[in-house]
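Below you'll find a set of structures to go through.
Next come two complexes built around chain A: one with chain B, the other with chain C.
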Partner chain A sequence: MSAIQHIAFRITAGVVVLALIGGGGWAWKTLNTSRSAVADDQVTLAEFTTDDEDAIARGNYIMRLGDCAACHTRDAGEFAGGYQVGTPFGTLVSSNITPDPDTGIGTMTERDFFNAMRHGQGSKGMLYPAMPYTDYAKLTDQDMHDLWAYMSTLTPISHNVDEDAGMSFPFNIRLAMAGWNALFFDNSGFTPDDTQSPQWNRGAYIVEGPGHCSACHTPRNALGGEIASRHMQGAVVDGWFAPEITSNPHVGLGDTPTEDVARYLKTGSDGVAFAAGPMAEAVEDSTQYMTQDDLLAVAQYLKSLPGSPAVAPAPIPASDTAMQAAAQSYEVNCSACHGLSGEGIKALAPGFAGNHALLSENATNPIRAVLVGARAAHSHMLPTGAGMPSFAWKMDDQDIADVLNYIRNSWGNAAEPIGAAQVSEARATLGARDKIIWSEAPSR
Partner chain B sequence: MANTRPKADVVIVGLGWAGSVMAEELTRAGLNVLAIERGAWRDTSTDFPPAVDPDELRWHTRRKLLQPMSVETTTFRNRSGQTAAPVRNWSAYQFGWNVGGAGTHWAGMSWRFTPWDFEVASQTADRYGASRLAGLRDDGLLLQDWGVTYQEMEADYDRFERIAGTSGKAGYLNGEKVPGGNVFEGMRKREYPTPPLKDTHWMSIYRETTQSMGYNPFTIPAGNISQAYVNPLGVTMGPCTYCGFCDFHGCGNFSKSSPQACVLPALMRRPNFTVLTETEVLHAVKHEDGKTVTGVNCVTRDGETFFQPADIVCITAYQMDNVRLMLLSQIGEQYDPATMRGTIGRNYNYQTCASVSGFFSGAKMNPFIGGGALGVQIDDFNGDNFDHSDLDFIGGAGIMGYSTNGRPIQNMNGLRPGHKRWGSDWKQAYARDYQEAANIFVQGTSMPTRGAYLSLDPNYKDRHGQPLLSLTFDWNENDRKMAAWTTQKATQTMQEAGGEAISSDNQAAESWNPYKQHSSHTIAGLEMGADPTTSALNPYLQSWDCHNVFSVGASAFPNNGGYNPTLTVGALAIRAARAIHQTYVNNPGPLVEA
Partner chain C sequence: MNRREALFSLGAMVASTGVAASAKEMKGYPTHTALSADHLPKPRMGGALRVFTDETDRKTLHAVIDRLIPADAYGPSASEAGCLEFIDDQLAGDYGAGTALYLQKPLHPENEEAIMGAPQFLSTPRERYDSGLKALEAYAQATWGGAFHALSPDQIDEILTGLEAGTIDLGAGVNGQAFFELMLQNTREGYLADPIYGGNRDMAGWKMIGFPGARYDYRPYVERRGEALNLSPVSLIPND
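Showing the complex of A and B:
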């Protein structure tokens, strides 16, 4: 299950309850689309043409910011949909958003398009919140017009998608989403904060709007709604930990220079940490296309967000017996790529010294990397995309806990100890193999 | 053929070093390139990460990165008149069996050939007289120039070194001889991309000894690179850890130059590049005009056959397979030693090698600190770097004190003479001699002869019913004399260094057979040259017979330098690819008139 699938699962779980209360708790506010009346309601996407190359180019950029391709491009062709989102309640399939009139969105008018993108109201009924209209609601009229212009240039692809055929009753009733929206959907557009700089506001717009960063980085409640008080403070999404990206200096971005945050988004690495998993996809499909000004704005905004109370604990002393044994294990198993002093190899393998993403109390990512490996993002500027191999066959749960404790508590690092039980649980969840037990040589 | 795939601008047959470098150059120029690779996809972190790549039993002993002989082997005989027999066990031939080809499992020795190696015929005549050259030819040597000079190759060598990240120290830089580098090398326009590797204990001894003998030692150029490096494709390599599991192994930490570590990360992301793995090209299909090919016939792992049309076909497989594919495609004429007609299969030669071992009592050589291209060499007796006026041979050898590996299984036989090879005597001797042994490698030139050649075997076929390639070869007198003379120089050096129980193994002293060789450098059969009557390819690696067929590999070398072939293969690949996208595609036809 991908990160998107996981979010969809949690949101859909919330819908179970809300389908029941939705009928009574009707909130017109969330269904009001009047601010999208600025859009044309006559010409369909299939008919629409424009020679405004600037608008098309700007729209292409909005597409990158919003990372549409991540869900809508699969084997059927660019933007032709077909990405399957598995949930316990059935399978959702991403739609064909090419201008094909029969199977895509060619019969939508610009107004229909605005309604879908910003208000979650599609041509087939309410959208499921796997589509982040909750964030796209912040998109400005101008950006929406430009995106519309760009969409009109896509090659129509005939690929029929029945988005919710795989959903079982009652989750195939799209109207149920109205209840969820009543509780969790803020239908208003982006409002700049006049007390902040234009750059900060630009960052806020990208992060909270098209970038939909909080979809992964903000924890959700039992009903699948984001917990506002823990905005961007880190969340587990499908076996990955989307780390805290706030001002917290220990586990967030507080101690990372703005330029380095921008470099991470542009290239996939800030020189120490590397994007992997779902964030690697975000870099590859979206953030590497952003302008330097926008990247710096995003970094500035994120670094201004209130952080969690997490502080560095006292590190495990190097004199600890397990730490001493782990130091040797580190040298044998890890140092070839990550360096004897955790310095890593720039543009190839992560450094550990001063790598804040590694220090979260939640150690899902490092445990996962050791058990099943990982692959670094590739980008135009850093095309290597090197891989971390699995050590599941070579190290048992205690070995892995020990070496990760060493990494998280050496070279100035400090983090909560990891126990073998955590590794064991992850090994089971990820389906990683057990350590090979070498049988005794036959005696003779 | 029933199944025909969409046409490609260029089909690359074999995605090793030559194929991947050509594909990089051609896709960057905008051409639509399809590579067809017989082996599987293999990837650093998945297939040979650091915890897996030192598995000597798997990779070195059992050769799991090599193509199994059940897939294809060759037949062998020493001379015409004998019946060639199939090679049925691991041998001198080290066919790749994955994306990356032999470039994945090579050691990493990253030599440029000397200017002399490209012009053995004309330079021999210039220095020693036309009658000397005529005499050598009368003795049966097929001496001929390559049709390209070192100076013309310099930019291509440079480009390949930049892609590979080669470590070394220049010895002849922009007209200046640089002490500490190889002062005998051809002139280079800039320093190596990364600095030389560090000395092991044995390398220090060897360096001091050869220096004191008046020679010019230098650290050999290495594809096991000394520090992290970003190549011109933007791909990052890591520093060598001196683990010593290089040849026959993949490299786990991205530090051995290979298609995986240097080219594929960039290439695979280009939308105009595609690779079909586990798919074998059976042969090219000739157009009815006889002057071009229309594409290649292929078979998948599952036995499905298809035709792949293309405007240009680049045959960049293993040296043996390049020759075999040309013969199976009936491009050009098979060389016949009786009539001297034909050029395909001609000029076959090998690498004339010897080794000298000695032991140093009480020493701790620590051979577990190693690298596939970790060594100190003298080139004072290589190529034509010394006067051959009073010698009865041409050519020479690089003489190298090396620390390539400390593989525990491989070195079990490296004991002082007189010990048993089993039991407690062996164990005690091995525990001691593992640390005390030191070796010198003598890597010599090889000259082609009239009677050595490649052809299709009349009796044996592969799993698809196509004839195997057959080799007819034995050492020639010139190379035997050269080997004996340079082995003597190496033995003197070992004596001077203080080695005890010295022994030498001059491989040219006995008839060649594929099971005994120290080298895997199998050369020629599609030799390049300026004369279509004595070469299969023109100086741009283009077939004289079908102008849309290019072929790159050690198969294109008319003779062998006293060096490993990889860098020259890579440089020729760049040369051929540049000729294709700069000239050929604009005006398809012969780049050189026959």
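Showing the complex of A and C:
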């Protein structure tokens, strides 16, 4: 399951309850599309043409900010949909958003397009919130007009997608999303905060609007709604931990200079940490295309967000027996790439000293990396995309817990201890192999 | 094609090469990096011997390898270090089956030995041990009137010395000198290979020569010349 699939799972679970609520009375507010009446309701996307190259270029940029390709480009061609989102209630398939009139969105007018993007109301009914219209609602009229201009330049691809054919009853009733929206969808546009700088407001717009960062980085409640009080404070998404990206200095971005946060988004690494997993995709398809001004704005905004109460615990002392054994294990297995002092290799392998995401109480990512390996983002600036090998075959659960405790509690680091049981659970979930067993017992 | 056309087509070729040289981005390669089973080491899993199931063969080899590496102040004997298990395990697998060897006729020993710089065989290492150990036992019975493994260390040394020098003929198509080299090589390998393969028990071979084992990186130590580092050896798959 991908990150998006996982979120869809949570959201769909919420729909169980809300299918009932939705039938009763939904708030008119969440269905109100009047602010999108600024868009034309006559010319379809297939018919629409423009020679405004600037608008098309700006629209291309909005597409990058929104990372449309992440879900809508798969094997069928660019933006032709077909990405299968598995849920226990059936399979959702991402739609064909090329201007093809029969299988794409070619018959949509600009108004229809606005309604889908900003209000979750598509040509086939309510959209499932796996599509982040909850964030795209913040897109300005100008950005929407530009995106429309860009969409008109896409090559139409005939690829028929039946988005919810794989959804079982009652989840195939799109109207049920009206109930979900009534509870969790803020159907209002972006409102700048006049007490903040234009740069901060630009960052807020990108992060909370097209960038839809909170889709992964904010934990969700049982019904799949984001928990506002823990905004951007880290969440588990499909076997990965999307770390806290707030002002918290211990596990968030508080201690990372603005320029380094921007560098991470631009290149996939801030010189210490590297993007991997779903964030690697986000860097590759989206954030590396952002302008330096926008990257700095995003960084400034994130660093201003209220952090979780997480503070550094007292580190496990280096004199601890397990720590001393793990020091040798680290030297033997890890130090060649990650450095004897956890300094890593510039542009290639992550450093551990001062790597704040590594210190999150939730150790899903480092456990995962040791068990099944990981691959760094490959960006235009850092094209290597170096790989971390799996150590499942040569380390047992306790070995892995010990060496991660060493990494998380050395060189100034401090983090909660990891137990072998956590590693054991992850090994089973990830399908990682067991450590190879051997015997030097004499045969006679 | 005249000269002008040839030059034009060359120019077009260069131009098209220029286009082809623009890098294509790789997409969708696997994020998991786990090695497939055939890339992972295949350690000895313990249990009974699989090749040396004949008691006389086993005792003969045991006697040979413990004269090649006897126990002394520096470390255990070859058999104490697990070399018998190591050789048995290797002979039971691809090495013993000669999977990497060309074993088809025709064979012209004089030519091939000259080309390869060593005797060549049509038999697998497993077959060579079988015939060699039986020939050794027969030689001991014929020469000393007793079992090879029951001979005194001096008597065994005399036989091994003769084999190495090529002065003892084991007959029956067995190249005694080459068989001695094979046993010596495999015993050394068992004594110094990673303990996961059955030999080098308790890393005794590595401790004897001061080898620190399967460490990935020695850069922290390269500059510390002439110093006793006293690094404890590490197996590829440490058994805790």
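The rule is short, and it goes like this: the second predicted complex is superposed on the first by the 438 of 444 C-alpha atoms of A that agree within 3 Å, B and C clash if a C-alpha of one lies under 4 Å from a C-alpha of the other, contacts with A are read in each partner's own complex, and residues count from 1 in each chain.
By our rule, a contact is a pair of C-beta atoms (placed from the backbone, for glycine too) under 8 Å apart; a residue touches a chain by one contact, two chains touch by 3 or more.
Quantities reported herein were computed from a predicted structural model and do not represent experimental measurements.
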{"item": "Partner chain(s) touched by A:64 [first = chain B, second = chain C, both, neither]", "value": "neither"}
{"item": "Chain B versus chain C as contact partner of A:399, first or second or both or neither", "value": "second"}
{"item": "Of chain B and chain C, the chain that contacts the larger number of chain A residues", "value": "C"}
{"item": "Contacts of A:435 with chain B and chain C, given as first, second, both or neither", "value": "second"}
{"item": "Which superposed partner A:333 touches (first chain B, second chain C, both, neither)", "value": "both"}
{"item": "Contacts of A:277 with chain B and chain C, given as first, second, both or neither", "value": "second"}
{"item": "Touched partner set for A:373, first chain B, second chain C, both or neither", "value": "both"}
{"item": "Which superposed partner A:387 touches (first chain B, second chain C, both, neither)", "value": "both"}
{"item": "Touched partner set for A:111, first chain B, second chain C, both or neither", "value": "neither"}
{"item": "Contact residues of chain A, present in both the chain B and the chain C interface", "value": "333, 336, 373, 375, 378, 387-389, 394"}
{"item": "Interfacial residue positions of chain A with respect to chain B in the complex", "value": "333, 336-337, 345-349, 373, 375, 378, 380-389, 391, 394"}
{"item": "Residues on chain A engaged by chain C in the complex (per definition of touch)", "value": "276-277, 280, 328-329, 331-333, 335-336, 340, 372-375, 378, 387-390, 392-394, 396, 398-399, 432-433, 435-443"}
{"item": "In the complex, chain B residues that touch chain A", "value": "43-46, 49-52, 228, 230, 233-239, 241, 243, 252-254, 265-266, 269"}
{"item": "Interfacial residue positions of chain C with respect to chain A in the complex", "value": "25-26, 29, 31-35, 40-41, 43-49, 82, 84-85, 88, 195-196, 198, 201-202, 214-217, 219-220, 232, 234, 236-240"}
